[in-house]
Structures are given as C-alpha cells and as structure tokens.
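Look at the two complexes coming up: chain A is in both, with chain B in one and chain C in the other.
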Partner chain A sequence: MADFDPHAMAEEEFLEEVHSFDFWFQAVDGYLRDRSYGQVEGTPDPLMEDGEREVLITTLCNYCVAETAALDASSGLVRLAPNRHAKIFLATQVVDEARHLEVFLHRMKELGVVDPEGEIERRANPNLLRFKKRLLELVDDRDWDSAVFAQNVILETMEFTAFKAHLEGADPVTGEVLDGVIKDERRHLGFGENDLGRRLVTMPENRSRLAEVRAELDELVLRTFEEVQQSAGVEPSQRLTLGREYIEAVERLGLT
Partner chain B sequence: MADFLSQYSIQRWLEMCPQGYLENTVYGHSPELREPELVVENETLREESIRTTVQLVVGERCALAASSGLVNAAPDFPSKRFLATQTLDEARHVEIFTRRLFDLGVTEDNLESTIDNYANPHLVKFAEVLLEKVDSGDFIAGVVGQNIVLEGMAFSVFEMLEAVSKQVNPKFAETLSGTIADERRHVGFGENRIGSLIREHPERKADVERMQAEMTYHMLATFSEAFQGNAAATEEARSIAAAEGAGPETAVWHGTDLAAASPEDMEAVLADTVLGEFKTRLGRIGLEYQSPPVPA
Partner chain C sequence: MNDQSEASDEPEPSRKRYELEETGFNEVPKKWRKFYRIWEGALDTLAPNEILCPVCKVVIRSVKEIRVGDRLYCMPCMSRLLVVEAEDGTLTTDVLY
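And then the complex of A and B:
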C-alpha cells in the first residue's frame, strides 16, 4: 500500500488492484485495527445533558436509516455489477455499510437506548425513508447506472457532507466513530465517480437519466437536512450551509 | 437468538478473519508459495487443475450472488450483518480461485469462456435452483439452500481437495484452508438462525425439503460426472504426477486413501460424507433429509 501509485497503472491493473479484498483490507486495517466498534479504548465519554443526548440519538437514528439503505442497496447491486471487479468492490462495500450500522447502533446503546430498532422507527425522518424506498426501487429495476448514481454518488455525498459537519462539533467517542465511517465513504464515492465516469464516456446519453434521478433525490436530501436540523434546534440561517455543501459536492463530480 | 447472533458481529469477523487467519496472506496463501512447476508445465495436469478450479469459481459465484441477494430479505439486523460478512467472504473466495486460474495460465480475456467451457452443467443447474429461491426473496429456503446445502457440499469438497493437496501443492492447500475456516462459520449460522425460523414457520418445511432434494440431485450428478465421467483424465493426471514423484504418498480422508483410491471410491467417500453431513445438519434445524432420485 505504501508504494501504491494508481496513476502508474494500466486500467485493468488498476481495477484488479483497487477492487480487491486485499486492497480493502489494507485500507480499513489502517484505521480499524485495535479499535472496538470504531472506538479507541479509553476515549473519554463525558455524560451529556439530556437535550444534547436526545439530539444525538435522533441524529444516529437517521444515520442508521441511511446506512440500512446503503446496506440493502449495495448488497442488491452485487448481482447487477457488470464485471467481477465491481462485484468484489461492492462486496467490500456491503461489509462497510453493515459495520457502519453496527457502530451507530452500538453508540446508541452506549447512550442508553434499550431498543435501537424501535427508536429508529419512531425517529426516522420521512423524507429519508422515501429516499431509501426510491433507491431500492432503482436496484430492484436492475438499473445499474441509476442505482450506482443514487447510492454511490447521491447517498454517499449526503452522508459524507452530514458526517463531516457533525464531526466538527462531535463528542470524542462519536467523533472517532464518524472518522472511520467517513474514510469508508470516501472510497465508496470514489468507486461511483470512477465507474460512472468511465461508463458516461461511452454512453453519454445516460447523463440525462442521471440528471432526472438527481432532481428527484436532491429534493429528498435537502428536505431531510432541513427537517433534521430544525428538530435539532439549528438556526435557520445555518441550516442552508449543509444543503449548499451537498449540492456543490455533487456538482463538482460533473456526472449530470 | 440474540446471544448466538452477537457472535457474528462485524467487529468479531474483522478480528477473526482478516486480522486473524488471513493475516499476512496474499490471495489466501503465504506470499512465497507458487503452483508446482509440473502442474503449470504439464498440459494434462494443468487442464485438470483448471477444470477443478472452475467448479470452485462457479460454486463461489453462486454463493456470492445468494448471500448478497439474501441481505435485503433478512428479517433482522443481526442476520443482515452476518450475511454482509458472508458476502465479502464469498467475494474473496471468487477472487482467490479466479486468481488460481490466472496462475494456471488462463488469461483475463479467456476467463469467461474457460469457465463456460469447463463448468459442470449439473453444478450450474444446482446454482439455478438456489438462486431462484433467492430471487423470490425466500429467506428460509435461501439460507437452507445456501448455508446448509451449498456450504455443506463446499465444506467437504474443500476438505477433500485440501487433503489431496497438502503434500504436493501447499499453495492450493493453504488457499483451501482459509476458505474451510470461512465455510465453518457460514454453516454454523445457517443451522442456528434457520432452526428458529423453521420452528416459527413449520408450513415451509415441505417446500424447503423439495428444494434440498432437487439441489442434492444436481450435486450427486456433478460428483458423478467429475469422478466417473472424467475418470480417464483423472487417472492420466495421477500417473503423470506419480511418474514425476509429484503425487501424494498417502492422503487419507474419512478412512479412504485418496492417493490410491479409484475414481468410484473417491466419489463414494465424498458423496457419503456430504450426505451424512446434510442429514445431521438438516436434523438439527428440524428438517428431514429427502433422498433425490438417483442421477441417470
């Protein structure tokens, strides 16, 4: 991994290397070894005030909805993948997403939530649930480009933006958990950008379909951001920042 | 149920598998190990090795499609989480056996045609029966088909191949050893999780048992073709290896010396072992083993 130079590799060699179990393990081992549920032993976890704890639990519940969507979608995409490299990459993503769900559920239990799954049902944002439903419909329709776009570009960018913003003010333990998750999300986003970028070169006509998917999902992402922040007591003037960062991040990828 | 499923967390899987028995391996074996020169250079031995490895790739591709396809159908998070680890295990198996095909001289360009050419048609049918259940979102039948029948078969086949390879091909034996450790975990999950689901849904027994009989039929037909249909090539490969001093002296597995056994005897010991395992494991989850019609 240390002398790994992706730019010096031919395309086939690059895919063979990057979309492999070994590459995945080398990547995650760097930030997961000696951690339990994404946390370094002994990290201080001071008692939170009730209000702060409630906001964090609601936030984690919504993270769990997004991660469940990613788990169900990435596992469904394995079979649709057009080549063995993509299948193997997606299999690594399936485990990443299940791990994210596990570490968020674990964090909720540490915060005293007795029935995390019931709590998620009670606190899940309806727009995020709509997003999940739509994503899984795209997977069920076996529409590879649209489903990869919805999952590895839109959902991953949404999560990346939200997690990064959260990381800035997070308590030490949640911050450590988020740090490991963000590193995974960066890899997933890279796959989506790379795979779709290559495909759009040969099938530029698919761009308009992706733009339609984006228009539909952007709305759900922005509404989710707005409502979750509102319920967390974020000032209206600050709420726009997250949405703007998300839009800019998707825009920068230049896929639509 | 909660206690047993907590043993299948991602955290534990990370510590046990990639940070455990796969530590310091490359494609499942020690980095310095290679395929024996004779296997790569002798056309008969190479072709027999390719034929065997193709069946492993076909089986593992099926397991990858099934385990990933079952995640969405799983009724609870702990089952989804276990199946996520299984998905990556199966992807790793696809990867390492595909890598072996490359080590045996198959190229990227002719990978798919090689697989099409050597894949046993009964094994392909076996996979289709299972994937039909997975496609319909049938979690109970899917897990029995995948984690009891397919994994039970794979477990014994890998053990048998490992016994034959230990002395003569340490690279392949090591690759198999890691997959056997994975399969042991998978079979354990199938037995534990499905046992409780079968008790909750006894009305599903008949359908699941029908699937087991159908899959068993195709499995036995696969064994028959692999050992008897291909007996001449197997014997030739064995004579060449023996003449070069590259065959195992003895390789005793379940009381049969595989180094000296006839193809019929090898088929019999494999079939008896797998069917014995099926009966035991199906019994543990409250299902009765169904004998298939004898393959023609």
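And then the complex of A and C:
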C-alpha cells in the first residue's frame, strides 16, 4: 500500500494530481456511475402534499439560480486562470455546474413544473439575483481573486452547508440528487480557499480588497439561504451551522 | 506521510501502524479511497490514525498513528494540512496554503 499513500506525495505531485481532469473523472465515476440525472433507478418517489411540493419547487428554483451563476462565472474564469492547475480544475467545475443545473431542472419537471425557466424567474430570491449579477461583473472585470472568493468561497460554502441541511429532511429522490451535488461542492469550495490562500501568502496586499468584496456580498448570500431554509422548514439550530462554516473559512483566510 | 519530524520514511518504533480498509468513501479515485471516510458528526469518535479536515469535514486516515508535525493531504477538497495540538491537548490541523 505504501506505493499509493497520498500523504507520502510531494507537494507539487499532490497539486498536479488533485487538479487534474483524470482525478475529477475517476472521482465522479465513484458516485455518479449508473445514475441518471443523479438518481438511482427505482428509488421511490411518493406523491407530495401540495404545500410540501410548492416549498421544494421554490427551493429548487433558487438552487438553479445559484448553479447558473456558478456555471456562467466558472466558465468565464477558465480564461482568467493564472496557471494550468486552476485552468483545468475550473474546466471540471464548469461541467459540474452544468450537471447541477440540469439535475435540479429535471427534478422540477418530475414535480410537475411545465416551464422550469419561467418558474425560476417568478420565484428567484432577489438577494440571490443581485449576488449573481455582482459575481458576473467581477468576472467581466477580470478580477480573479475577487471572483474566486465570491464564487468558490462565499457561494460554494453556502451551497455546501445549505444542501447538507436540506439533505437531512429531503424526500428520497431529491436526497439522492443533493448527495451527488454535495460531493462536487467539496472540491469547489476547497479549490477556492486553497487557491486564494496560496495567492494571499505571496500577495497579502490583496486581503483588503477581498475584505471589501466580503462586506459587499456575503450578506446577500447569507440572507438568501436563511430565507430559503426558513421557508423549507429547516430547524433554527441547523441554520446556525450555515453561517458558521462560512465564517470559519474566511477566518482561515484572514478576511475577518 | 509527509512528516517533519522524520529524516527517513521509516516510522518511529513507538508509532502504531494501521491496515486500512475501504470505508465506502467514493469521492476520490479508487486507489485513494481507503484514506478517507465520511464524518458522522459530533459524536463520531476518531481513531488515533484519523483526523478531521477543517475545510470539507471529511475524516482523513493514515497508515500510521497521527502525531503533531505530520503533514496530511485532504484529496476531496485539495487541502494540505499540518497536525498541531489544540488548547485542550487534542490533535487538530492548520491549513497550509
């Protein structure tokens, strides 16, 4: 087993491995193989009461807004990537985000939504739409650090914790879809924190700019997911975790 | 394991070794999977060769008992970690950027 001990790898070897398309392909094969739209064939999907169904559709609409924001932003960031590792990793994130959008749209159709795009327009949280607009402006401004912070630290950490909380009480099919998405999000939030962390070691002067971005944007996302979770009936004790994991990440980066 | 305290790859005699088995963790390529497992929450008891990744909350496993100064990799979230002693005497990790 010594030949395959990851902790024995040299640092550059580790970074090369985890940012590679090959690593991504073999990782997602582990949990998406034989699943269609993130679901295992034959999983029971009992009829929901109207109220429960409506809450889930609104939640999925907002997930779609967040995933579309990440899809648009990560595809733009591929061109801005400062090195090959980041460029290849972001290409895998583009594929992940497209898949997330697709599985959530598919789930909405299964719930009887005839026009998912129209439903998203009607139900999207205004704070989340503002966040999306600002994130894409950062990408258009070619502001790599700020865009990665907004997308891979703020948005991905919030999604990661929100999806985990939702998974606790989700119906079986939505739970399977969320489970696969959460596994992808682990890579995305880890990339953001570690990429920014490495850059801040050599460019500590960028910290003040990121603190400004944080002050502007994190409240929008916190408020969005607080509202979405509240409407989904997530217990207040679980909602506290949502903010805590995000705050831990920004503290590690020294952005408090 | 990258271990600052060791001059060679040989473990110290007193450090217990572990034979790792698959845990059902499936978020990294197959050859790396036994080095990680899903964290079961606050009541999850970690073995002496396990430590929690502070970034993505996956349990990282080693073939050796984990000690202060060890460097470990969390492949699911790409983090490089240094094992340190917490104020309460337990082992924890700092993220190395």
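Convention: the second predicted complex is superposed on the first by the 219 of 256 C-alpha atoms of A that agree within 3 Å, B and C clash if a C-alpha of one lies under 4 Å from a C-alpha of the other, contacts with A are read in each partner's own complex, and residues count from 1 in each chain.
Quick note on the criterion: a residue touches a chain if its C-beta (ideal position, glycine included) is under 8 Å from a C-beta of that chain, and two chains touch if they have at least 3 such contacts.
This is a predicted model, so every value here is computed, not measured.
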Practice prompt. Pick one for A:E49: touches chain B only (first), chain C only (second), both, or neither.
Written response: neither
- Query: Taking the superposition as given, does A:D72 touch the first partner, chain B, the second, chain C, both, or neither?
  - Reply: first
For A:E11 in the superposed arrangement: first (chain B), second (chain C), both or neither?
second
Scan A:R84 for contacts with chain B and chain C and give back first, second, both or neither. first
Just to be sure I read the superposition right, which of the two partners does A:F23 touch: chain B = first, chain C = second, or both, or neither? second
Q: In the overlay, answer first, second, both or neither for which of chain B and chain C A:E41 touches.
A: neither
Task = Would you sort A:L200 into first (chain B), second (chain C), both or neither based on which partner it touches?
result = second
Looking at A:E248 after the superposition, I want to know if it touches chain B, chain C, both of them or none. Which is it: first, second, both, neither?
second
(request) Classify the contacts of A:L189 with the two partner chains as first (chain B alone), second (chain C alone), both, or neither. (result) second
Shared chain A footprint, chain B vs chain C, residue numbers 22
The chain B residues in contact with chain A across the complex are 9-11, 13-14, 18-19, 22, 26-27, 64-65, 68-69, 71-72, 77, 80-81, 83-85, 87-88, 90-92, 94-95, 98, 108
In their shared complex, chain A is touched by residues of chain C numbered 1-2, 9, 20, 26-33, 35, 54-56, 58, 62-63, 70-80, 95, 97
Residue set of chain A touching chain C in the complex reads 1-2, 4-9, 11, 14-15, 17-19, 22-23, 26-27, 30-31, 160, 183, 186-187, 189-191, 193-194, 197-198, 200-201, 248-249, 252
Within the complex, chain B is touched by chain A residues 12, 20-22, 25, 28-29, 32-33, 36-37, 68, 71-72, 75-76, 78-79, 84, 87-88, 90-92, 94-95, 97-99, 101-102, 105, 117, 136
